[in-house]
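Here come two complexes built around chain A, the first alongside chain B, the second alongside chain C.
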Partner chain A sequence: MRSEVLYESPTHSWIVMGRDPDKRDEVIDTNEFAIVTPEGTLLPDPGGIEIFPRVLSELTRYCSPEDVVALFASHQDPDIVSSLPMWLDLCPNVKTYVSWMWTGFIAHFAMGRAASIIEIPDEGMPINIGSRVRLNAVPAHYCHASGNFSLFDPASRILFSGDVGAALLPNSETSLFVEDFDKHVRYMRGFHQRWMPSTAALRSWSKRVRALNCSMICPQHGAIFRGEDVTRFLDWLDALEVGRLTWDEAAPSKAA
Partner chain B sequence: MTSSLLELNQRVNQVFGVCVEVQNSARPLKELAFQMELLARNGVVHAAKLGRDQGGSLGVLTQFLSELPSAIEPLVADIDHRCRKVAGAISHCTHVIRVYGLEVQALLDIARRHGLSGDDVAFRSGRDLSRLTRALSRAPLTVTERRSVSAIAARVEPHVQEVQRLTHEAHGSIQEVRLLLDDLHATTRTARYISQCVRIEVARIQGDAERFVSFGDRVAATVDVLEERLTALGRIAADGQRLLSALERGVEER
Partner chain C sequence: MRSEVLYESPTHSWIVMGRDPDKRDEVIDTNEFAIVTPEGTLLPDPGGIEIFPRVLSELTRYCSPEDVVALFASHQDPDIVSSLPMWLDLCPNVKTYVSWMWTGFIAHFAMGRAASIIEIPDEGMPINIGSRVRLNAVPAHYCHASGNFSLFDPASRILFSGDVGAALLPNSETSLFVEDFDKHVRYMRGFHQRWMPSTAALRSWSKRVRALNCSMICPQHGAIFRGEDVTRFLDWLDALEVGRLTWDEAAPSKAA
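== the complex of A and B ==
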């Protein structure tokens, strides 16, 4: 698994971990992130149980597992948070932030361990890591889950977008960042058309996100948008119609 | 998970299969016992019809036979209860091995990053884990990595103990199942003996003997089936015990 520091300041740093060459082919590739502060670490979408050992070992380059104080789940899918029991085993006091809609659902992943799950209300909420880092859970409902959030860091202006901006990349695409936006579109289109149920919801999200003036948009699958590609991505999203089930366009393997 | 832990998990799952097999095979015993009870009660009625002179001893034997099935039912219920206990311990054990395996895998990934290999380690004992953490303590780890290894190892160690505790618990329960099967065997042996006594008594009867010959044969046939099932069950339980003994040795001694 590769990892890179996306942002570093005296208060905190953003780490991305991904492109795991040892991952089994049938397991969808995911990007894992860590927001490391001297007062604790938050893991946005900590990932599936299948990739847990490699995420944990890679994370130890930047912090100890006992430093992990919070998990943020953009939604309830297994690739997002099925590693929950493992994190609870290592850090029994960890807090898990998730939409109020999914608290009872992700509790099924806890495997008998007591999980401190904090409901995020529909309008979003601030999430603090210690006393100096304040993040915001930004509503992303129906993009793609009905209760869905992005996570914004006003200091770095990095937005963790969950499945919005996700791409199903072939193994040959090894860069963690989008290098050629026009080429990258082919890996995103099918995913968004099938996994995003509502064009109106996407437009609403895009409007909210434009106002944040993001430096980077970090999806959970695919590559990170930075610099001008942030605006390019939002423009592309604003022109995209989703939730229309046309079988030829729907199959992501064809789109890829 | 490491191949050694995957193998351990597979063997633990085999024990789960044994439990299910014992439970499934033990349940029809109740039905057989009920059939025997019906036959015996029928025998009591027929013996009464023969009158005190000819049917007296037959009446006592069939009455005794009719009471035997009631001894079988609690034994079968107890076997079912113990098997559920073993299955519960085993399914929890599988879960602990999975968690343990994933955490060990993370430690191995850190080791590989520093050019160490842990592929030869079975990770079935605290000693195996210590070997890896000792090797890691000599590697040029960063301060954060050192803290991480200590934190992960501290969580892994209790999992090894938990696997040992659960396999030991399961082993105890399967031993109890075997003892209960021995008790069942003793009961069926008594039933066979009484059915033979019935046949001897029938030879002395004049007149309505035919009905009792068939009664003795049917009881003997039911006992045959019961014993056949019990022998098969004994074999399955013995397999389970052997598996658990091997697991206990594997977990504790390697």
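== the complex of A and C ==
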């Protein structure tokens, strides 16, 4: 598994981990992130059971596993947060932030330790790591999950975007960053068209995210958008129609 | 955990299991089903890790756990199929049917045994249990998951509907069936309005399901619709607008 420091300041740093060459092909590739502070580490979308050992191992380069004080789940999918029982075993006091809609669902992962799951209301909420780092859960509902959040750091202006901006990359694409936007589009178009249910919801997200003036947009699959690619990505998204089925029945978004 | 036989014939029977009085309150309640044949058993949405022991125990009243030859996952959620690794341990030859969109995602549950996961294409497919029982995976995309299927049995005309028709019942509602439709609506309205992203997708599902002339509609949460309540439910659904957020931003379905 590779990792890089995305941002570093006296208060906190952002780490990305991904492109594990040992990952089995049938498991969808995921990017893992860590926000490391002297008062504890938050993991956005800590990942699936399958990759837990390698995420844990890579994380130890930046902090002690026992420093993990919080998990953030953009939504309820297995690749997002099925490692939850393992993190709860390792860090019994960890808090898990997730949409109010999914607390009862991810409790199915939690094996009797659901007390530390914190509901995020639909309008979002601030999420603190210690006393000096305050992140914001930004609404991303219906993109794709019904209850869904991005996570924004106002200090670094980095946005963790979950499945928005995700791309299904071939193994030959090894960079953690988008290097050639026009080429990258081919890896993300199909995902957005089919996984995202609502064009209107996507427009709503894009409008909210433009106002944040992000330095980077970090999806959970694919590659990170930085610099001018942030605006290129939002422009591309605003021209896309989603909710498209792959068979010959009229797609819901068209039939509305 | 309670269970009842919903249908019985020389070729197969349908069992429902649910309303576990020992379930912890923070775990969302689920109904589990089993289609038992002399040539093997299929479990639609076998459930979460949390309830696996009790489902297994109840199932032994109707068949041997080793008789389980197939799992069907309507979609990828933890309450639907996070018990997958346990079933794969118990029944190494079991086949798991799920939308092509989620095979790489539920592989995150599978712990290295993903070879037996079978992709359902968007248009659906027949699913056989042995030589005499043929079910059909019926498209239910964007209801709520982007890749989503109901499961229909043409012999009994029973439809397993996953999250469509789901209700969040108080513990005082102990019947496995809808007994008073007008009263039941209060338990399912909010779920459908918020969890379902697309009114058009729901209309498309309802039209497809009306044509099946179902004897029962069996959701994964809540209670079973039978007799005239089947049509009552479809009529109610056809008058409902979904994709509704709980805060004051315009809901995506309205803003489209």
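Please note the rule applied: the second predicted complex is superposed on the first by the 241 of 256 C-alpha atoms of A that agree within 3 Å, B and C clash if a C-alpha of one lies under 4 Å from a C-alpha of the other, contacts with A are read in each partner's own complex, and residues count from 1 in each chain.
One rule holds in what follows: a residue touches a chain if its C-beta (ideal position, glycine included) is under 8 Å from a C-beta of that chain, and two chains touch if they have at least 3 such contacts.
Quick caveat, the model's predicted, so the values are computed rather than measured.
Colleague: Return the chain, chain B or chain C, that is in touch with more residues of chain A.
Modeller: Partner with more touched residues of chain A: C.
Colleague: Could you tell me if A:Ala107 is touching chain B, chain C, both of them or neither one (first, second, both, neither)?
Modeller: Only chain C is touched by A:Ala107; chain B is not.
Colleague: For A:Met86 in the superposed arrangement: first (chain B), second (chain C), both or neither?
Modeller: In the superposed model, A:Met86 contacts chain B only, not chain C.
Colleague: Per the contact definition in the header, classify A:Glu241: touching chain B only (first), chain C only (second), both, or neither.
Modeller: A:Glu241 sits against neither chain B nor chain C.
Colleague: Going by the contact rule set out at the top, does A:Arg61 touch chain B (first), chain C (second), both, or neither?
Modeller: A:Arg61: touches chain B, not chain C.
Colleague: Taking the superposition on A as described, I'd like to know which of chain B and chain C A:Ile49 touches: first, second, both or neither.
Modeller: Touch partners of A:Ile49: chain B and chain C.
Colleague: Do any residues of chain A touch both chain B and chain C, and if so, which are they?
Modeller: 49, 85, 111
Colleague: In the complex of these two chains, what residues of chain B are touching chain A?
Modeller: 95, 99, 102-103, 105-110, 113, 142, 144-145, 147-149, 151-152, 155
Colleague: Taking the complex as given, what residues does chain C use to touch chain A?
Modeller: Listed in rising order, the residues are 24, 26-28, 47-51, 76-79, 82, 85, 101, 103-112, 114-115, 117, 121-123, 139, 141-142, 144, 146-147, 194-201, 203-204, 243, 245-247, 249-250, 252-253, 255-256.
Colleague: Considering only the defined contacts, which chain A positions touch chain B in the complex?
Modeller: 49, 52-54, 56-66, 85-86, 89-90, 111
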